[in-house]
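Going in written order, the chains are labelled A, B and C, and every chain counts its residues from 1.
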Amino acid sequence: MNNLSLILAGVFACLSLSWGGVVLATQVQLAGLAPAAAEDGGPLKPALAPGLAVIGKDVYVSQGCQACHTQQVRPAGQGADIARGWGKRPSVARDYILQDRVLLGDRRLGPDLADVGTRLADDAKLHLHLLAPDAAVAGSTKSGFAHLYQQVPAARARNAVSLPEGHALAPAPGMAWVPTDRAVALVAYLRSLRADHASPEAPLPE
Amino acid sequence: MSLAPSAPAAERPSSLEETQPGRVAPIDRSLAPAVLTLAAFGALWAVVAALAGLAASLQSHLPGFLAGEPLLFGRLLAVEHTLLTFGWLTNAGLAFALWAAHRLGKVELRVSWAPVLGALGWNLALAFGACALLAGRGTGLAWLELPRAFGPFLTACFLVVALWVASAFSRRHTGHVFVSQWYILAAILVFPVVHLVSQAMVLWFPAAGVVQAVVAAWHAQHLAVLFLGSLALASLHLVIPKALGAPLRSYYLAPVGFWTFLAFGTWSGTASLVGSPVPAWAQSVGVVGAALLFVPVLIVSLSLLPTLVAGGPSGKGSAPLRFATLGALAFLLWGAASAVLPFRSVSALLRFTDVEVAHAALGLQGFVGFSLLAGLYYLLPRVTGRAWPSPALVAAHHACALLGLLGLVVTLAGHGWLQSSGASPEAGLAWNAAASLFRFLLLLGAVAFLLNLLLLLVARPARRDLAQASAR
Amino acid sequence: MNDRNPERGPRRDGRPPRRDDAPGSLPPEAFSDHKLTELHSRLARDKEEPSEGFSSTPVFLVFLLCALGFWAGVYLTRNAGGFSAKTFDLNAPKVAATAGPKAFVADPKKGMELFNAQCASCHQPTGLGLAGVFPPLAGSDWIDGDNERTLKIVLAGIAGEMKVKGNTYNGNMPAIGAALKDAQVAHIVSYVNQAWGNAQPAVTDAQVAEVRKKIGARGQYSPKEILAEHPLK
């Protein structure tokens, strides 16, 4: 162990081996994946996300949503994700191939969001959840994202988010909360997160 | 020490030190600018990271606390993680690596402004990076949080410091290369290679789909274990025998420990992807790597811990030894947890919960942090030629760090256990509040260290006799 | 491992090292760098020639490593899903292999998605086409229940002058269906047959397969040719 070049070479060899064996090998295996139809000739999935959702993804990242939310449904034997209603089938690699940044996430302080677009297919509910989580979920421990909303005179308000009577964030009289562009894009992104289609690697349960 | 009698007298010609008694002091003095710059920034980032961690923790049980931009929960966590790893731990590790490489090589640092420049560049970029994270420019990926433009510059600054470490190796005077030097060498090679490759594959030329997640996991594990972990082990292997005045037990096993550490550690990255949508074989490879990593943990622990125990009370009062003991214990615990957590039956319960956060804290703040603190507590007085100005602050730091980390790990693990049982987030509020308390303790500890370091820096200039004392 | 180095024995005075954090003074190093490396250099060599107090590399370690290597191999062969790129869930029931052929049922939802992806760029999602360029499918007199004609158009394409709902078109439709699966074509044509007020029977994947076989590999139809085979009703 006195030959430093040998030590360096050994370290480098270890790194290259694991890089080849894990990183390169998965790259070779998965690089060819393309949108595909599930067995019976259905439409090709995953589909490209609409433009607004692509913008919304940047909002998602910059607001730090991934600190509390994952986007991966684990198989039934490995965690209660499916039992909790976070998806009908486990996520598979093909679901992510059209994403330029994959946000699997590694911590769950809130529910998984891989299939939130089917679970909460309602813009109003999503906006309410972001503006005032405690109004959407009783006893929520989540800080709201009120800075993504603004108050405008109620007469001019389109898509106003209505809060329950007497909520702490209730708008000034004659005013109403409306989503800013960022909130609109973020909700479009959340709506685009869906895993309700069968995939060749993961059929939907009957 | 049983070896002493067996050393044949004839094999004992006068050493370099005996003929030139002042030799160590010039080495230490030549290192001062670079090492002190790194250590001071490190201590500063440790405080900022602890602050960010505390703020995020408070938000988790006081919804609405500091709500709104820019102090969002996710951004605070990104700042905490970046400043903890690249700020505090990397700076401390590089300071130790520079010092140890020159001391063990018995050479002075040449052109000392260059590593100082590298250190300044690294830390300036980090300051800007932290601001970018708070402004919401982060990437959202663990260990790769900083916007991609920072990567090449940070790596270049790192390389400047690393080259000066490497030059100490190439100019070294001694024959035997001590175990700490192997680990340092491994660390300074791992960081640039792995960081650049991963940045390229995730941020610059994104690989297809979940391959990104595989790269990110590979990257995170290499930086945590093979980069920071190696630096920490280098520190433990050096500080323990030096501060105790006794050689390491089972030193003949050190090469086995070193190579198994590298060979198994490098395959353990995908252990953090068990259950994820990556091919099952890749997950299993990670599980095997993480489980086998316990072998080097055991081998190294079997060398360090008995040495500490045999050292007995002589080391009780010394700050480096107290932190080294904590670091070595945290290493063993962290290693055991790392080997168990990835197994599918365990991961099914505990993955994504705060048990994983506790595990990371035990590894980064416990094993790596405490081990490098041992190194800094040992080397900073020698580099400055002065003793620590305030023993009270040392004691306070030790107490806060020990209590804070122990409490934090226990409360996070408790909260994680609660999460795994499917309890509502409300049920965890008390645990989160307790975690905040312990994070506050950790912050106090970090402040105590920073203060003591600043006092050390502004204290009276060294008297000659003190400088010489450190030479003996 | 390097015998040429000067060696130095351990401290002989036996003093315990002093506290490092004692204020004001800096204690001498308990263990000089030189002594450290020399002593450990000797300890490293003891591996080959064990001396009192230090055992040789424990045999148990060798055994342990072998046993762990064996375990790793077994674990990997059992839990790697055949190193397949398609196995994510080791417990997944192997449905695909055992399930028999399923009866085809046209799914309007899939039909719409496929139509929007494959045809709507020309015929528009509304099925109304573009005046003078792409003929309408909604209410088209060509969608008259003769499914074989529609399937032939979709599978082989069509080019030349044709009349749809009284307007003349002279366009070129490529062989879109050639690249699609039978079931996909069946979903699309069933959708076209039943959307926008069209009311014709659905088609099955078996019918598509039959037509595909019948026409073989051929170029686009001309309207004249196809009307000769399948006159409008």
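Assume a residue touches a chain if its C-beta (ideal position, glycine included) is under 8 Å from a C-beta of that chain, and two chains touch if they have at least 3 such contacts.
Nothing here was measured: the structure is a model prediction, and the numbers come from that model.
Arrangement of the chains shown, judged by which pairs touch: all-to-all, with no pair of chains left without contact. Note: the chain lying farthest from chain A is B, by mean C-alpha position.
Of the two chain pairs shown, A-B and A-C, the one joined by more C-beta contacts is A-B. Chain B and chain C have Cα centroids lying 38 Å from one another. Chain A and chain B, compared by their mean Cα positions, are separated by 32 Å. Between chain A and chain C, the centres computed from C-alpha atoms are 19 Å apart. Annotation for chain B: residues touching 2 or more other chains are 175-176, 179, 254-255, 277-279, 285, 344. Shared interface positions of chain A, defined as residues touching 2 or more other chains, are 1-2, 29-30, 75, 77-78, 90-93. Counting only residues that touch two or more partner chains, chain C has 1-2, 44, 85-86, 88-90.
Chain A meets chain B in the complex at residues 1-2, 4, 7-8, 10-12, 14-15, 17-19, 21-23, 25-27, 29-31, 33, 60-68, 70, 72, 74-75, 77-80, 84, 90-97, 99-110, 133-134, 139-144, 146-147. Within the complex formed with chain C, the residues of chain A that make contact are 1-2, 29-30, 37, 39-44, 47, 75-78, 90-93, 200-203.
Considering their complex, residues 59-61, 63-65, 67-69, 72-78, 136-142, 169-170, 175-177, 179, 181-182, 185-186, 189-190, 193-194, 197, 201, 206-215, 218, 222, 254-255, 258-259, 262-263, 266-267, 269-270, 272-279, 282, 285-286, 289, 344, 347-349, 351-354, 356-357, 419, 422, 424-426, 428-429 of chain B touch chain A.
Residue ranges of chain C in contact with chain A, taken from their complex: 1-2, 44, 85-86, 88-92, 95-96, 102, 104, 107, 110, 113-114, 117, 180-187, 205.
By the touch criterion stated above, chain B contacts chain C in their complex at residues 1-4, 6-7, 11-18, 24, 103-104, 106, 174-176, 178-179, 238, 241-248, 250-256, 260, 277-281, 284-285, 287-288, 291-292, 295, 299, 314-315, 317-320, 344, 377-378, 381-382, 385-391, 394, 466, 469-470, 472.
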